[in-house]
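Please find the structures below.
In what comes next, chain A is part of two complexes: it sits with chain B in the first one and with chain C in the second one.
Up next is the complex of A and B:
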């Protein structure tokens, strides 16, 4: 591409936005027709295809299936056991997943958490640790019994006991809050071990020892925006768009997707393309009124005495003017009337 | 699982619990044997659902049921003896039902049955025998030939095409006044027929003709579902049909004692269309049969009272003011008045129905379809001398592109071609019922017939190029296929416009054939021009060729002014200035400004320069 890049460069007045929209929109119609799934775990746990594109373009605050790819520091990444250790530090375990049953004794004011020994073993947690966690969270003392933990509430208040039960069930036993369930993977090419977790708290994950902060990434664009800023968010957005289309075996020139990502992040924050984002922030009253919520925009314009600058496409088509795009984007440098004032050059 | 008590099963009668039972199987068996003995109605169905541990008895309406031959000790109760008696009409089907030889099962009882497809498939576990293998298909599929050789998608298409086929839809079509009717001239019954097709008496009102079809290209004229047909065949009546359309009108009565009147409207009538329009009407205001009519000709002359009551007392009231409400032949239509009917409705108002007939000879763009979901549009009507022909001098009626077959998986089409050819040569009907023979046996049988008459056994023949007389390098597969002419015909759809009517509200061109409309340059077309950057072309489409309007804009206040033709001045509704600029805008924008102003929002146009 480098040798004939001039052939591919846009010219002044090219409607790049419209071309980008058409270039993405046309293959997008095919995506509805076939729900294409790649073989593999990634595509089965994460949303892909059209729903994912909509999610990105609408700038949803939280992806429906957040995923974090956690890479590990050099040596840890090579060693399966060390990688598993890091996994246990990250993997989010809630009490509800390791508790077999939870028994409330309202007459004695006690709560007994019966733990699943197999689960405990596989997560690498001891009963004592669980008891300590409960003590810390509820500021109480609990006893370890043969297969669980007994908490003495020192009260027989029904409401308090039930509230405590719910708290215990929701309690984080180990791992990073919001990291989600993590699994270990092996890169087939390099043989390196890395982690994949179903959450997007990259801030928390990166504080864990042994995590490579430079390579760890997530599909949650907003998480990246919060941690790294708008430039990184733009790159993440463009990357996710490209990845989703590539998964569907749809080839769209990446510059169209870059343009979309640019437009969505140009303001310094991430904006969706719809009514509450780009389309709703057009300068032209007519262009906004032509899209959605016609009356809202007209009334607002009336109340604030808005003036339409008439610089966009939609509003110029509406009134019947030539659009300021393509052949309509150029004007004469000298007015016709002024031409007469110019004296012909003498050739003496 | 709903039922926890494994000992007892619930018994449902038409969906409601009526009790429990210890031994559900024997209950079901008892009810069944009672039904077979005729002690219970044959419409009762009973089944045991093992999963839900429930007995379901159904006697209500709305269940789809299907007949099966009952098996007893691995032997069908319908014996050879009984079949002979059926053939000799000694007994009938009801006899079989009454005597527990055949029974109807509903969807639920079918779950308890194991049905053998044919007698040789019967094992000890089977409880029923299919009446015929083809009954695993429904009616629609069974009326098509060789359905087991076509894909389901094509069957779905065939079901649609069958509805659209022209044919002999009713033998009394001459007496009927359907709003639209299509009658094929020489309908034929298909050579390749099926048992179901004959059973429902379809041959009595056929909807197609047997075409001689060659699977051949023709200079690219039958690419992509186009077909080439032989002009000689068309001239001899192939696919020829008559289109009937009925115009109806009545003398309506209105409150106040006024009513419509059938008569030639007087020139004084409001909306009088000119003398030439009514010239074909007879004295009573109705057109005569066998009159040739074309678009714009009056068919039923009628005057109606004015739409709004006016104070007509002052005018003397001698001459009643009437409005012309004549039925006129629609644009693009022509034909001959076939029949006129004068009658009265239950409300004692006079009704007139005029049926127009017009001949529809196949032409470019008319749609045809075979019975395999293979549709095509006529792209070329070839003079007979240019058509390919066989050594016997047979010229095909239709040339079908061979590429139509493999991707659509309609091998039934090929079988019908072969079967139709064998049947036509032998002068016999050919059975194309599903599974009546193995596909390979069919090919061999037809091959034998063809060979006995001196044809190639697989239906291939040397064809000669009509233009050069030279034989084609390859032999060409040909035979006889039943084709339907579908009612989508260009002459009913064709429409042209360069300039024409516009809508009153927006001043934009009208839409639709009935209103002489234009084709819409829509949003996506607009996007294409924006994407190309063709700004002036876009403006021409959307403004100059559409709703261009020149308005006066007040230089002082920016509101729209107007020209007062009496005072001969330009007027601004707000200021007293006469300083205006003429501006070209779309009329739709003018309407928008009007509507915004009607919301009490002031608009003003600021102009540059």
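Up next is the complex of A and C:
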């Protein structure tokens, strides 16, 4: 095996980037442009197909459907009840989703939050807990009344009361901020329970007890970059590309995708492949002008006296010179001492 | 110096000594700024205490093969 290794490696001068681009581009034409989601099958739907690929290669700061896969520590992951407990610690619940309505009494300076009993029960939250949360957030005393919480503002200032109401509406009642709605799933192969949430606050989620910090991951590449650095982001990017193509039953050699991920992360941060990323940062003026915004690049180059070393492929095609690929990438030179041995061609 | 991987996605990072870095560049026939980059503020670089100009070796696993990748630490 070791001897064969070199047979599979690329040769010097191989245009690996171009081959990668073609290898991803061709099957990409067969992908579904906009996929339809069937309601009720999955609680968290994610962007897939071509829109997702575009999102990844353009290095969008936030995915349109962030998802976190939360794995649980050994024992918790095997026990459904314990997993559900952890789910409740993570699942993001806002006041607006458990409150039926919020009544403001401006003449008495009171706010009444009417809670939805059914919602409370399904989320496993008691009215007292809600009251305690409001107290802490507003630094006030609130009373529990049959089906809701009454907050006495001790003021009749309309502005203050309205601001407090808006505050209460947006308030986080339980769970992790930015974690999104979480659901429990079961891995069919290992029988392990894991959680899927529709948010990407992976840092906050990892603080929760019982969460496996080594395996918990998200489809938000930038969140991974911020938390674990560029190498993890590169792996996540390659993984997401592979996953998206696999979902569409398209097989592309993973080395092409790894190369794309490598190129996107070579600068130390994640760069898209388009105009504002890799293509826009090419060294050669002609290569940039040949891609997009031709005039802008040419005028800028003329005004600032840019020099094009003509080492790339695009600029050499543009001027009709031999491209530096394969045998074109080597230049021939002759040693001085050999030069002397060559007899000059005789002319008759 | 090696950092323990703290997540599935993070490969093991290793800080090269100046001597090792020099030998590497000679072997690959490269200038130091031809290498891919990693910021000083990068989570893994901070862990290693890497300073700008140093080279970080990354022990990757591609499929069934172990490969190494190198990044030069840059300011930022």
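Everything below uses one rule, namely that the second predicted complex is superposed on the first by the 310 of 348 C-alpha atoms of A that agree within 3 Å, B and C clash if a C-alpha of one lies under 4 Å from a C-alpha of the other, contacts with A are read in each partner's own complex, and residues count from 1 in each chain.
We adopt the following convention: a residue touches a chain if its C-beta (ideal position, glycine included) is under 8 Å from a C-beta of that chain, and two chains touch if they have at least 3 such contacts.
Only a predicted model underlies this, so the values are computations on that prediction, with no experimental measurement involved.
Peer 1: Examine A:307 and indicate which partner it touches, taking first as chain B and second as chain C; both and neither are also allowed.
Peer 2: After superposing on A, A:307 lies in contact with chain B but is clear of chain C.
Peer 1: Of the partners chain B and chain C, which touch A:326 in the superposed model: first, second, both, neither?
Peer 2: Once the two structures are laid over each other on A, A:326 reaches chain B alone.
Peer 1: Looking at A:339 after the superposition, I want to know if it touches chain B, chain C, both of them or none. Which is it: first, second, both, neither?
Peer 2: neither
Peer 1: Of the partners chain B and chain C, which touch A:15 in the superposed model: first, second, both, neither?
Peer 2: Touch status of A:15: first partner only.
Peer 1: Is A:298 contacted by the first partner chain B, the second partner chain C, both or neither?
Peer 2: After superposition on chain A, A:298 lies in contact with chain B alone.
Peer 1: Just chain B (first), just chain C (second), both, or neither: which does A:318 touch?
Peer 2: first
Peer 1: Help me check something: in the complex, which residues belonging to chain B touch chain A?
Peer 2: Against chain A, the touching part of chain B is residues 526-528, 530-536, 538-539, 542-543, 547-548, 584-586, 588-589, 592, 596, 599, 601-602, 606.
Peer 1: Which stretch or stretches of chain A touch chain C in the complex?
Peer 2: Contacts found on chain A: 213-215, 217, 224, 226-232, 235-236, 239, 254-255, 258, 262, 265-269.
Peer 1: List the residues on chain A that touch chain B in their complex, please.
Peer 2: Per the stated touch rule, the residues are 13-15, 18-19, 21-22, 298-299, 301-302, 307, 313, 317-329.
Peer 1: If we count contacts the way the header does, which residues on chain C are in touch with chain A in the complex?
Peer 2: 6-11, 13, 36-39, 42-45, 58, 62-63, 69, 71, 74, 76
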